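What follows is chain A paired twice: with chain B in the first complex and chain C in the second.
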Partner chain A sequence: MSAPAALADLVAEREAGPDGYVRLDVEADLWTALAQGCAAGLHDLSALWADGDRMRMALVGDGRRAIVSLKTAAGAYPSVSAHHPPAIRLERAMRDLYGVQPLGLPDPRPWLDHGRWPGHENEARYEFLPSEGEGLHQIAVGPVHAGIIEPGHFRFTANGETVVRLEERLGYVHKGVEHLLAGADIARGARIVGRISGDSTVAYAWAFARAVEAALGWAVPPRAILLRAIMAELERLSHHISDVGAICNDASVLTIHARCALQREDGLAVAGACFGHRLMMDCIVPGGVTADLSSDGIGQVRGLLARLEETRAEILRVYDSLPSLQDRTVTTGIVTPELVRQYAAGGFVGRASGRAFDARKSFPYAPYDRLDFALKTRTAGDVDARLMVRMEEIVESLGMLHRLLDRLAPGEIRSAAPAMAVGEGAALVEAFRGDLFVSVRIDEGGKLARVHARDASWFQWPLLEAAVEGNIVADFPLCNKSFNCSYSGHDL
Partner chain B sequence: MRSFLFDALFKGTATIARPVPGSAALEEVAKTLGERARQRLGRSLSIREIDAGSCNGCELEIHALNNPVYDVERFGLKFVASPRHADVLLVTGPVTWNMREALLRTYNAAPEPKWVVALGDCAGNCGVFAGSPAVVGPLADVLPVDLHIPGCPPPPLEIVKGLLALMEAGKS
Partner chain C sequence: MTMGDLVVQVLAQGAQMFFVLLIAPLAVGVVRRVKARLMRRQGAPLLQGYRDLAKLLRKESVVAESASWLFRSAPVLIFALTWVAAALVPSFASGLMFNWAADVVALVALLGAARALLALAGMDVGTSFGGIGSSREMMIATLAEPAMMLIVLTLAIAAGTTRLAGVADFFIAEPFAVRVSLALSLVALIIVALAENARIPVDNPVTHLELTMVHEAMILEYSGRHLALIEAASYLKLVLYLSLLICLFAPFGMAPATAGVGGWALGLLIWTAKLLGGAALLGLWEVSIAKMRVFRLPDFVGIAFVFGFLAILLAFLTRGAVE
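Moving on, here comes the complex of A and B:
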């Protein structure tokens, strides 16, 4: 058994690429030692993916980032999750998609492969983990849920009303995104990546654009950088406000929900009027943005910010005045700081349990490197804490948007592509639900050889299972909504 | 809470006027439904939404239908939890192999007569996901489709116009 290796020691003397990532090839021993380093809390696992005959692992720690690569031996490599359980689903997914075998994988069940793909048909039953004890019963929910929600299966084991185990089974909306991206040109790649999770289309498009720009040394006009952040903050605001409403709706406070839904609609309508698309899909492309903000548009966004602030303050007053609502949210669905650290859970899920990580702050990318804002955290880790972190983030986003609008100076919004070259780039972008990682490798001829996207949900879904344990079945919708993980972003 | 009421009084209603049913949608449903729907449709529709592989963009805009601006329940359009209660299956996404069986089971669980609406470009032609080995194909390859509402995603107003056309077809 080797000793755990720390990322900080490994990259201390090495220079990072233009995207901020140190890239290095490692041997199996060091690979395993780094996996043990994740488990020991020396650094965080940020992504894990297969790329041709290599396995790659993105690691984050002590203000440094690295992508380490290990050559597989006959399609096999030493499992990371054998030491660090948060990698289990990532390794199962990569094995299902690319056939790479993690040696020592603790949970060998399929993940994205449901035995339905042509040529891979398999009638074997998916075995859920056993729960044994007196008086236990199972509740199977999904993949088609009661509301207008994405599909996934939840298997609850309960004793009376109390959940003793929740197990998720995902992968239903697997669309073969990475397969489609292999060999695509950059323009098509941007359209596909912008549809990996529609609710984060701006964040995905931005992460992809930054990764491609880093790979090719593509400079982006200053105005485009500001417009990207304006779109990203508008996207964040629309989800934060509507999810606060949706959580209250699950606690039967429909007035807050209606008010938040109205405010969200206001935001989408303004985005549609300003950028030509309500969700701002395809507005960010490598090299810049496709839609400019007119002076009339700036006025519209400022008007929206004023209305949003009014709504936020009012919602908070009403939320604070309803003990019966807080009775449902406070101490419900607790995630411990230990789990959040282990899983390196991003976004409000991590920040509500004390993990002060935000890609905009921890690894600032333009324009956030010159934009002051407060990183809001809580420690309770319950539904209330996740809701309150989002309420506080609304304030920060509103402030940022005002300053971004102030700084908008006339100029180009898109630059022409440089000569296409072989290259690699990666980017970490803070989507509304957490840090989103995209890595691209560009081949001769400017085609995308390999694109990997890791949604924040990969490290949040498993924590939902932990959050629900010991809660009553009726509180599951509240817990689930307070996470609002992406199915599509996870299923790829 | 009182402030919500004051707001409603002073700011007036946010709800928009009933839009005219979409003309393209009217034409399409007149063709696909024919006589089949005449006696059945026209008063109200219960809708069961199914995500068969969507990126969740369409779901965001379907959600908007229930907000106070569009408020589609006033037209008799109601989203229901169970396919057993549904007249209409509103399906989004390219149909993935992993969702195909759940989609068919949900369709089979809905009582006759029933109508299928393909929502969004993906349900119509798989959108950017066309050609993926993980995708069965557009919805029409799996279920009989009565109406297609295009868009990526279609804005809520277009969805309302399409659904109103479905109701109109039954009245004429």
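Moving on, here comes the complex of A and C:
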């Protein structure tokens, strides 16, 4: 067995592409050594996907990023998760979707494939991991829930009210987006990617646009870059506010929920008035943006920012004055810093447990490279910490939006596509949930040969299982809402 | 007692029985409306409770294949037990026909029987949620019921009777006899009432989260007319506890046994106003506090028990001192 290899040593002498990623082909030995490096904490696993006859792995460490490729041998390759458990679901998913066999995969069960795909039916029963012990009982929740939420199955093993183990089963909203994207032209690709997880449509569209622009050397007008950031921050604010309300609602504090719901609606209405779509769907396209912000729109956004600040201050005041609410959130659903590091969990899940990673700060992309903002972290890792990290991010986003609006100079908002060329590009964008990775490969005909999008939720869902362990069954909804992982973005 | 008196008595008692049933959905409607308004929402119409019941009664009742006779008969029994209990509590008049039976101990027993049936029915189908709900309900009950008994006995010691009408008459006669033991009993009874009616902070009646439910988890498998009966029983229970609080701690305006139809009508008016006022207060309370962790509930309901215990202790001591 070879020794773990560090990404930093490997890419020290190499130059990164225009998207910031060093690309290199590796042999099976080095592939395995890099997987061991992930496990040893030398670098983080960012994504893992199949691309034709190759397996690709995006790695992040010490301010460097790389995409390493390994040629599969008759559709098989040495498993990464054999050394680094966070890759288990990624490898299971890729095996289900593309038939690539990870040799030594610790968990051979299917993941996205529920045995219902046409021409691929399989009646085999999905076996949940066993838990044995005196007085244990199982509680099956979902995939259909009593509320209007996305489907997912949760299998609890509990001892009375205490959760001994939670196992998730996802894949119920599998839509086949990667196959839809294969062979699509770029315009259609942008529309599909923007719908992988509708709540993060701006972030997805931006990540896709940046990946395509990097692949084709497509320049974007400065005004469009600022407008993209404005949309992205508006999306972030809208979700942060509504999720804070939803968390409080799960503790039955109905007033905060009502106030947050009103504020979210306010944000959506302003976005709809300014950009023509309440969620700003399809507003960001490769080459620029499709909707401009008028001077009237700037005034509307500024008005919204003032109301958001007022709401935030009031929510924080009410939250601080309700010991009965903090009794629910503090010390509930703790995620340890070790797990967050191992899984390289992004977003507020990581930052609430001390992982100071934010794609806007760690690998700044325009316009964040020239935008100063504080990266706030907490160490408690509980529901309260996740909530407070988001409350603090609201402050930063509000400040950023003011500065972005100040800088908005007249100009083009969209540039014409360059002569089509073959290319590869990748992008890491900070969605409200955390870092979102999109990789694009464009073939000779200018069509998308392969697009892979890795939602932040891939590395957050497993941590939810860990967070709930030892808590009481009735606190699961609160923990779950404090993560608010994407089902759709994960199920592809 | 002449024949005419008897007819009037029967009519008055019957009126009380039907009036509690009639007003119950309105009381729940008031709670919901107040909550909605405090959240700046329009809220459902006040009469939504009646519409819900009418809708459920019209709908087909789907019963799980694994359900036994218990599952099917429980709603009727629960409704009957709760209705009788609610009708026993003196509302607008004391000295009604059934008042000799309106014994607080009987009341606790009736409600306990209804609860036991509901918990059994919750487990009958064998779904995990029903089991969770029943187990939580019984955990709450083990503390709420003894607390309730202590409160009842405190009042009985003060008034010298366990008959509710007698207790009410006693408080009407001596409205200014404020005692520490009664204040403690009031707090304890309010806590018990919140727990028994599945209100915040013990349970959230409007939650959609299966895992946090108590009362709703037990009745998750019910539908149609079965659900209508159980819902009606829970509405009645709310009226029962509000009536009980009114009868014991704010009995002024209650018509005496000798009052005629006019006196009863006035008593009815005052009682209705007090009941709906109580419902509005409940709505206000529910929007101002978070739901508790399930494991904190024993502490919360335990407070009721401790207060009940202190109340009865003080009642004994003061009694001894007076004598």
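The working rule: the second predicted complex is superposed on the first by the 492 of 492 C-alpha atoms of A that agree within 3 Å, B and C clash if a C-alpha of one lies under 4 Å from a C-alpha of the other, contacts with A are read in each partner's own complex, and residues count from 1 in each chain.
FYI, a contact is a pair of C-beta atoms (placed from the backbone, for glycine too) under 8 Å apart; a residue touches a chain by one contact, two chains touch by 3 or more.
Just so it is clear, the structure is predicted and the values come from calculations on it, not from any experiment.
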Clash or fit (per the criteria above) of chain B with chain C on chain A: fit
Based on the superposed arrangement, let me know which partner A:477 touches: chain B (first), chain C (second), both, or neither? second
Taking the superposition on A as described, I'd like to know which of chain B and chain C A:258 touches: first, second, both or neither. both
In degrees, to the nearest 10, note the angle that opens at the C-alpha centre of chain A toward the centres of chain B and chain C. 50
When the two structures are overlaid on chain A, which partner does A:147 contact: first (chain B), second (chain C), both, or neither? both
Chain B versus chain C as contact partner of A:18, first or second or both or neither: neither
Quick check for you: in the superposed arrangement, does A:276 touch first (chain B), second (chain C), both or neither? neither
First, second, both or neither for A:317, with chain B first and chain C second: first
So, A:138: does it touch chain B (first), chain C (second), both, or neither? second
I want to verify the contact counts: of chain B and chain C, which reaches more residues of chain A? B
With the superposition applied, I'd like the minimum CA-CA separation between chain B and chain C in Å. 5
Identify the residues of chain A that lie in both the chain B contact region and the chain C contact region. 146-147, 255, 258, 262, 322
Give every residue of chain A touching chain B within the complex, in rising order. 112, 114, 116-118, 143-144, 146-151, 171-177, 179-180, 188, 191-192, 195-199, 201, 242, 255, 258-259, 261-262, 264-265, 268, 272, 278-279, 281, 314, 317-318, 321-322, 486-488, 491
Given the complex, residues on chain C that touch chain A span 35, 38-41, 128-129, 131-132, 135-136, 200-201, 204, 207-212, 286-296
In the complex, the residues of chain A that touch chain C are 137-141, 145-147, 160-161, 248, 250-255, 257-258, 262, 322, 324-325, 327-328, 472-477
Interfacial residue positions of chain B with respect to chain A in the complex: 1, 3-4, 7, 14, 49-64, 66-69, 79, 81-83, 93-94, 96-102, 105-106, 127-129, 131-135, 152-153, 155
